[in-house]
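The chains carry the letters A, B and C, assigned in the order they are written, with residues numbered from 1 in each.
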Amino acid sequence: MTAAGSDIVGLSGVEKQFGAVRALDGVDLAVGHGERVGLVGHNGAGKSTLMQVLAGAVAADAGRITVMGEVLSGYSPARARQHGIRCVFQELSVCPKLTVAENVRSFHPALRGFGGEKKAARLIGEMLDRVFPGHGISPGDPLRDLAIGQRQMVEVARAFTTVGEPLHLVILDEPTSSLDAQASAQLLAHMSRAAGEGIGIILISHVLAEVLGHVDRIVVMRDGRIATAGPAGEFDRQKLVRAMGSEEMPQSRSSAARARGGEVCVRARPRRDAKELVAHQGEVIGLAGLAGHGQTQLLRQVLQASSRGGETFRARPAAFVAGDRQNDGVFPRWSILENMTIRSLQNLKQGALVSPAREKAMADSWKERMGIRTPDMEHNILSLSGGNQQKVLFARALASEAPIILMDDPMRGVDIGTRQDVYSLIRSEAQAGRCFLWYTTETDELLHCDHVYVFHAGAIVAELPGADVSEEKIIQLSFQEPA
Amino acid sequence: MIEALRARPWTWSFVGAAGAFAATVAVLHGHGAAGIATAALALAVFMILAGVGQMFVITLGPGNIDLSLAANIGLAGAVSMTVMNGNDAGIGPGLAAAVGCGIVIGAANYLLIWLLRIPPIIATLSSSFIIQSVDIAYGRGLQIKPPTAFADFTSLQMAGVPLLAILTVLFTAGAAILLRRTIYGRSVLATGQNARAARFAGVAVGRIRAITYMVCGALGGLDGAFLAGYFRGANVDIGNEYLLASIAVVVVGGTSVAGGEANLPGIWGASLFMVLLLTMLNTFGAGAGMRLLLTGLIIVAVIALAGGRKPAR
Amino acid sequence: MTVSARHLRGFLPALSLALVLAAIAWLNPRAISYFGFNLMLSLALPIALATVAQMFVIAGGELDLSIGSFISFCGCVVATWLDQAPLTGVAILLAGILVYAGVGALIHLRNLPSIVVTLGMSFVWQGLAILVLPQPGGTAPDWLQSLMSLKPPFVPLPVVGAVLLALVCHLLLMRTGYGAVLRGSGGNATAVARAGWSLLKVKMTLFALAGLFGVLSSLALIGITTSADPNIGSNYSLLSIAGVILGGGEFVGGIVSPAGAVIGALTLTLAASPLLTFMHIPPDWQIGANGALLILVLAARARFSRPEAA
């Protein structure tokens, strides 16, 4: 019965269909003890679905699952847990109303009795110290008081905790998406430590640098199948991107050291005593720095002021593109079309009512411009893959004719193909005179900006022209204290 | 056809209404079927007016509900009768006063929710207590009859169909258009689905909520005036049955309690169903206890059959 | 949110209670006595038990609009069957709890909105109450009457009962592992399911607990009033919700506090009638004054409360 003796888990011929969508089209995958596997691919390639099958959350339509040599039927999350398989998904699985320790306690049935609270607190405290030294989280903190990055840290650390039961495989689905550079590096380092202890790791990430540098084997998925796989050393960035199915365009830096001119359209000062942000018409302004250091607050400040017309700057309409699309962007009951037009209804009126014809025209034209993949714009928005949903949010903002576009780290977890499409769109819109304020946690994207402001502790600590941007410099400036 | 029905669960309520009607007519051996239909339509109107108001509030998002509707309706009845004062000339001002009173109640409800950050259930509950007291003190012993023209208007029929019912059909059609094709309507739906996203998308969420509570209040006021006209006089308790009914017809009719999704035809179906159900039970000679028991069981059964909203993921 | 603000918020229910007590003491100093408290708080125990029942449901992120009529129904059963045919009476009450658990299961399995399901159930319980006891009447069993007229030394029975209740529920809900799971289900059900717990069992447990405390509330109520009527519990649905809210509970995401709920119930009991009578509010306006008081207390809470998102 034991197939590949040292494999923790093996999937063979796994298929899964959701309605008309073929999410998995015959996938074989095996992970051995102490092996780190990187799983990459477009949004919609099937990565998350594959992991959900692995973790027992979704039942495959066909195919065989073997765990620790045992062919399983009737798999479930509970059985996966029993076999030592843990999962950290993109949407957090922690209860915000409970404390950190309580979340750990409810995760381990063995801690149910009295005294379990203290054990849970100690357990998570130790693991947090191991994985994320210097984390600053107390086990008694209610989760809703923690920033999203800290919640992610708790969830990741929790996955590695054990109370006697076996831990063989940990699946991490975009674990660094809410973490800043420091925490991400700590997590990647812990991954190799864990692998050294015999724990298998599956890492799904869109940050190719993470995958290339920190796994033993890479598996590339495309359209529900494995496109290619092999030892990590055999791959480089370009090869990965090509295998995923899109051509990565060479990063074109914006024209070197362009003199900043034109009409000022945004002036904002995040903290009274610190530097001011100035944005001109037609500029793409980048907001950089460690995650959660005031960038999103500034965007919100500008958004609020623009609808009120404060003295901070001249009143001009601004449109917002959310990064956390579930909470800040998507209207889940509505169609793609309705999601797109909500910001522009004033312009779509004919008389007193919104004109369905004009709505459809707008939707069709933006569907083409953004390359949104869907057979029908009247379908529910959740029928789209994550990347396409993000495109709709962009279209919503861009279609609104607002001269200022605010972007709150909107490329998080979005595939390369979508990104390239959006980058070129931003460039052309900027050339047409629109102003972009772009908060991003990936230094690569800052290369597309004309001017970059670096944030630290809620204030702007530095600014530099886009042409001067480099990873080192940004990281250096990110740790600079405000004057 | 079963598939088509399943796809639109609220259509069950029309089926149920038809079933209850058929059962009643069968027991009576066909006598008075037309009269029953007319009476059902007339009574359904009052439930629908309250239901539409409640629907708009519920669509604003989870937790939004107006528990002050009953007290509102009661007070509006007293106010409208007092202002009309039995005079045909007073009909206009009377209606305006009732609607105005309702708008004030709606605004007060929203102020409690927004300024004092009280959850809508408690805010509207508290205000309902206050409104009730005002009604009792103000309307104590009120014996004013409605002006003849007004009372006649509320009972007017055209070929057996009450005029009010026809007007209400037009009204609900208008409300549906308001919801789907105006900026206000879209804003309500957006706010109900995801208030944060709505703000980011430029919707004035606070203003939309305020307007909606006032709309609900206004509809309650209108309903109270019509009820007083139909039943030839105001009384404090007249609104009581309409509170629970307004919530029931909204949800049985297919509007989501979590907000963001509204169903107007469903309110008609559910109201007709509830009215005909009660008529049927009355005809069968069921006592108060049996009536309540069966009504409750059927509401639960209908909802359980239809099933709820599947989680977003 | 700073630690001190969080703690202040936790003290608010106690503060509200203290304010109401202070007002009563100022208006009618003689009420602050063993006899006075026993009288003013006579209905406190049934209200507190009903509030705790509601609290369990709210902890799971749901709402129970039927607890009042359930208490009416159980009350009618207590005053008839429990007195005359105790075994049948007990069986019926237990069946009631099972039905409550069944409602929880139904809500979970069919993904139904609890407001509407419990609305429908309130009709059911009300109808059953009328069928059991069409006219006010019946007699409470002797043992129940004696229990509820106990006069413990120094501290009135309602206060003893309330403290006991708060303690038991606090231990159950806040100190056990499963209690945390129950509370977590209101905030993030997916997380609880992913951790391997059965959401179905969680829901059924919460509703069964609500049913149990509803039964206890009806026992306490009939023990005090010694007879029943089918409308006896009609205010309790909304009263219990108000009590949980006053006690610091929140609808969105199942934050509850057992101690807070009990304190909230006590505050309500005092504010609902004794305080108003001492303030010489005419009966016509007493209902309105209740509403105004509720608003005042919540306004005070808003001062200290952290603004919730959106």
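FYI, a residue touches a chain if its C-beta (ideal position, glycine included) is under 8 Å from a C-beta of that chain, and two chains touch if they have at least 3 such contacts.
These numbers come from a predicted model, not from an experiment.
Taken as a graph of touching chains, this assembly is fully connected, with contact between every pair of chains. Compared with subunit B, the chain whose C-alpha mean position is the greatest distance off is A. Across all inter-chain contacts, the pair with the most C-beta pairs is B-C.
Separating the centre of subunit B from that of subunit C, both taken as means of CA atoms, is a distance of 29 Å. Work out the mean CA point of subunit A and of subunit B, and you get 44 Å between them. Contact of a single residue of subunit A with at least two other chains is seen at positions 91. Subunit C has residues 190 in contact with two or more other chains. Under the contact definition stated at the top, the residues of subunit B that touch 2 or more other chains are 196, 256, 313. Note for the complex: subunit A touches subunit B at residues 91, 303, 307, 317, 319-320, 322, 327-334, 338, 342-343, 345-346, 349, 352-354, 356, 382, 396, 400.
Contact residues on subunit C toward subunit A in their complex (touch as defined above): 1, 6, 175-178, 180-181, 183-184, 186-188, 190-197, 253-255. Put simply, subunit A touches subunit C in their complex at residues 57, 77-78, 81, 87, 89, 91-98, 102-103, 105-107, 109, 111-114, 116-117, 145. Partner subunit A is touched in their complex by these residues of subunit B: 177, 181-183, 186, 189-190, 193-194, 196-198, 200-204, 256, 260-261, 312-313. Subunit B meets subunit C in the complex at residues 62-63, 65, 67, 112, 115-119, 121-123, 125-134, 136-137, 140, 195-196, 199, 205, 244, 247-248, 251-252, 256-258, 287-300, 303-304, 307-311, 313.
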